[in-house]
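Once you scroll down, you'll see the structures, which are given as structure tokens.
One chain, chain A, appears in both complexes that follow, with chain B as partner in the first and chain C in the second.
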Partner chain A sequence: MKAYLRVWLKLTAQQFQSQVANARGAAILFIFSKIFRLATAFVFLFVIMDRAKLLVGYNLAQAIFILALFNLISSLTQLFMRGIYLFRQKVVDGTFDFYLLNPLNELFYSLFSNTDPLDLILFLPYLGIVVWAWIGTGFPITLLSILLIILIIVIVEIMILSWHILIISIGVRYLEVDNTIMLYRDLEKMASMPIEIYGKFGSAVLTYVFPFVLMATIPARLVFGLFSPWYLLAFALLALVQLKLSLWFWHRSLLTYSSASS
Partner chain B sequence: MAILEVKDLKKTFGKNPVIKGLNFSMAEGEILGILGPNGAGKTTTLQMLLGILTPTSGTINVFDKDISTHKSDILEHMNFSSTYTDLPWRITVAENLIWTSWLYNIPDRKQRLKKIKTIFRLDKIWSQSFGSLSAGQRTRVNLARSMVNFPKILLLDEPTASLDPEVAAYMREFFSDQRTKFNTSIILTSHNMAEVEELCDRVLILKEGSIIGNDTPSNLAKKIEFSHLRLRVTKNATELDKLISLRKLESSIDDHNYTITIKEKLLPLILYEITKKNINYSEISIDKPKLEDYFLKIAKGGSSEAP
Partner chain C sequence: MIMWRVRQIFVFLIPFFIWKAVLGQGGDIYGYSFAAIMTYLFGTTVLRSLVMGSRTIDLGWMINSGSLTIPLMRPFNIFSFFFIRDLADKLFNLSFMFLELPLIYLIFRPPIFLQSNPTYLLLAFGSLLLAILIYFYINIIFGSLAFWTRDIWAPRFLLMVIMEFATGAMFPLDMLPIAWQKIILLTPFPYLLYVPLKVYLGIDPLIYFHLAASLGWVIVLGLLSKLIWQRGIKSYEAEGR
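Take a look at the complex of A and B:
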């Protein structure tokens, strides 16, 4: 574990140095576009709430909290697992072969080797927005609720990890990652709003099939006292089942891998 | 003691069987060559030994551990070098090797890299980017990288292919020394038959995904029954022509230089007849069969036993 952490820190530092030295302009543009996207999402929400007052039972402050939570968890995922966007190229140019033959687990390298420090820079403001939105809801910030939200984040990250493993498994097998990750991102984005807006069927899909409901609606409901923490055990179990399944897919796809040099 | 044991190893791509059930082992400190014509399955075998490819069936045990379940532990004590693999081009030789030392969790990093720098004569190129090096220098850096963790098993794919003869000889000596001093086991693939004969204790010959030969280089060479008798004839050449025709021998003639392909056991008899028929010659040499002859025979489609 120590070795993995050390290598990850080294990789991240290198990435940061490279960005500072070679791509300062691109970095500024990246941060600007991230902030712009978040701002437009909020503007969109304000416009809707200006006319509707309540969004499927949630008021403006609560809807902002859900959006802010979604944004935080989503950026956390991108912070750690940005490597997935470059995965196809790595399979094609033989870098993946190198991942397979060094002692560190190939999944670690495939998913976590391109941590983007710019996401790290944005993480703190995003956290600040969540706290601000939480205060705005009027619900108390207690140690227990913070711990429960951290637990949810761990569970949801395990689920997201499983989905990412599934996507790179498809990448190994069919050399297709770009479209699958975009499909995933589109589905994930549905969780930025309270899931009740999708009706019964949509909510069920987002709860049990693609459990992105955990990214915002469930933690928000916990804060609002609308969700029993005991249900988290079931979600934890679901996360572990998803992880196990995705690892099975991963090993199956490695069986078909023929190496870049073949 | 077997440090590596391969049992019933198979690999299929789609419906195409590439490796059809390999069984072999390697002892600690042994240098094992893997030879075979193109498409024989050498690279696929190496890639399975390294964990790049997952076998369709069969087992690979290294240090008594199954590679499918203990890959990380095993790879910490193995390494690989190929003339055909690249390292990151933008970063320097030093950075490449430092990075490798991180990956392999080397404790005495600075000391280790200092040693590697000396052994592989990297002083002059230490701060140069990998991309700016010549093919030979890159091969040297690649070899250096493969030794950073002082592996117990080293896999070398054409290790000296682009090195100049002096550096290639130095590297061969280095690998031989590694075995003598540290009991390092080496698996080598090469198209340089002289190199294989010089370095390898044993050679596996692969053809179409199966092992068709597994013996010492000299024993494999002995399977070729024919030698080449070369003579520069100065008198009675017509008598020699008659003898060749009578005995139905395969031969070629260039000026007065005869090359006669002859079964080893017939050699004394033919030499006796040459003397008896008063055929004079100014030069004579007998080329005994080599590993290369055996390999060529296999590559051309002959069986491993018959000439």
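Take a look at the complex of A and C:
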């Protein structure tokens, strides 16, 4: 574990140095764009709820809190797994061969070797926005709520890691990653709104099949006192099952890898 | 390919369910009923493919990789070459839409308003052509930045984020406060989706003014893109070739 942490820190520091040396202006534009995008999503909510007042039972402050939570948790997961966007190229050009030969796990290099320093920089403003939105809801910020949300984030990370492993496994087999990950992102984005808007069927899919409900609606409901934390045990179990299945699929997919390009 | 097209359907999902939650039981918001907003969303889905389907977005990559050299050496106008590639891409998208649109319709059953007034249809067609040209010139301008910098992904990302909001793709711009609308209408972005759709729906009180503004933007952006291109091409080094 220590070796993985050391390598990850080294790789991330290199990314950061490269960013500072080559693309400072671009970095500022990127950060501004990300914050502007979040602001437009808030404007959308303001526009709707200025007239509608309630969205499936949630008021404006609560809907904003859900959106802010989703934004934070989603960027936190993306922060660590940026490598997926480059994975296809690495299979095509043969770089993946070196990952297989490396003493560290090939999944580590495939997923975690391209941490975006800009996401790291954005983490603090995003966290600030969540705190602002939380205060706006009028519900108290307690130590227990914070600890439970951290627990949820850990479960979400396991779950999302499983999905990323599944997607790169498909990449190993069929060389298709880019559109699959974008499709996954589209699906994940559905969690930015209270999942009750998707009706009973949609909510069930987003709870039991793709448990993106954990990314925003459940932590928010927990803060609002509408969710029993004991259910998190079931979600933790589901996340572990997903991880186990995705690892199984990954190993099966590796057997089909023929290193055609190298 | 399949995944890419499935995404086109997914784009429709979130706004559909949000508006269904808000307006599904009847009533209206800012004068939009559920049927009107669905027609608008359905329209933006169609227009996105037609207006924003483009190959010119890879111009920056062509400059940085040096692959621009090949079309530059060919005996034709480079802008015409890019525009024809764009049209081919739009035709490609259009062919998929014949399958996807009925599919979206069957899945979501959105109440759709079909315009039957030939004047509005003609004006909407004109507005669509102008939107295609505006988007083309915007792409040329942003792609040309690669003549001076390798980091074109950040300006392009900013452009994408601004367009998502200012074209009216998220929601009709007339839901915003009047002052915001006036500011956004001073930019070329609402003439890409919002104005053509309002013209199609026949609910734009300033139809001819907005069409004239679209034409104005085509001329301004056309001249600007030519100016930037002429300056940029002088610093092109065919790097990588």
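Heads up, the rule we're going with is that the second predicted complex is superposed on the first by the 259 of 262 C-alpha atoms of A that agree within 3 Å, B and C clash if a C-alpha of one lies under 4 Å from a C-alpha of the other, contacts with A are read in each partner's own complex, and residues count from 1 in each chain.
The working rule: contacts are C-beta pairs under 8 Å (C-beta built on N, C-alpha and C of every residue); 3 or more make two chains touch, one makes a residue touch a chain.
The model shown is predicted, which means the values in this text are computed figures rather than measured ones.
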Fit or clash for chain B plus chain C once both are placed on chain A?
fit
Have a look at where A:A26 lands relative to chain B and chain C in the superposition and call it first, second, both or neither.
second
What angle, rounded to a multiple of 10°, is defined by the Cα centres of chain B, chain A and chain C, with the middle one as vertex?
100
In the superposed arrangement, does A:L254 touch chain B (first), chain C (second), both or neither?
first
Name the contact category of A:Q17: first (chain B only), second (chain C only), both, or neither.
neither
Figure out whether A:L104 sits in contact with chain B (first) or chain C (second), or with both, or with neither.
first
Is the number of chain A residues in contact higher for chain B or for chain C?
C
Looking at A:F44, would you say it contacts chain B, chain C, both, or neither? Reply first, second, both or neither.
second
Now for A:M193: first (chain B), second (chain C), both, or neither, which partner does it touch?
second
Once both structures are overlaid on their shared chain, how near does any Cα of chain B get to a Cα of chain C? Whole angstrom is fine.
15
Residues on chain A touched by both chain B and chain C none
Per the touch rule, the chain A residues reaching chain C in their complex are 22-23, 25-27, 29-30, 32-34, 36-37, 40, 43-44, 47-48, 51-52, 55-56, 176, 179-180, 182-183, 186-187, 189-190, 192-193, 196-199, 202
Which of the residues in chain C end up touching chain A in this complex?
1, 3-4, 6-7, 10-11, 13-14, 17-18, 20-22, 29-30, 149-151, 153-155, 157-158, 160-162, 164-165, 170-171, 175-176
Show which residues of chain B lie in contact with chain A when the two form their complex.
13, 43-44, 47, 50-54, 56, 72-73, 75-76, 80, 84-86, 99, 102-105
Complex contact set, residues of chain A against chain B
3, 6-7, 10, 94, 97-98, 100-105, 251, 254-259, 261-262
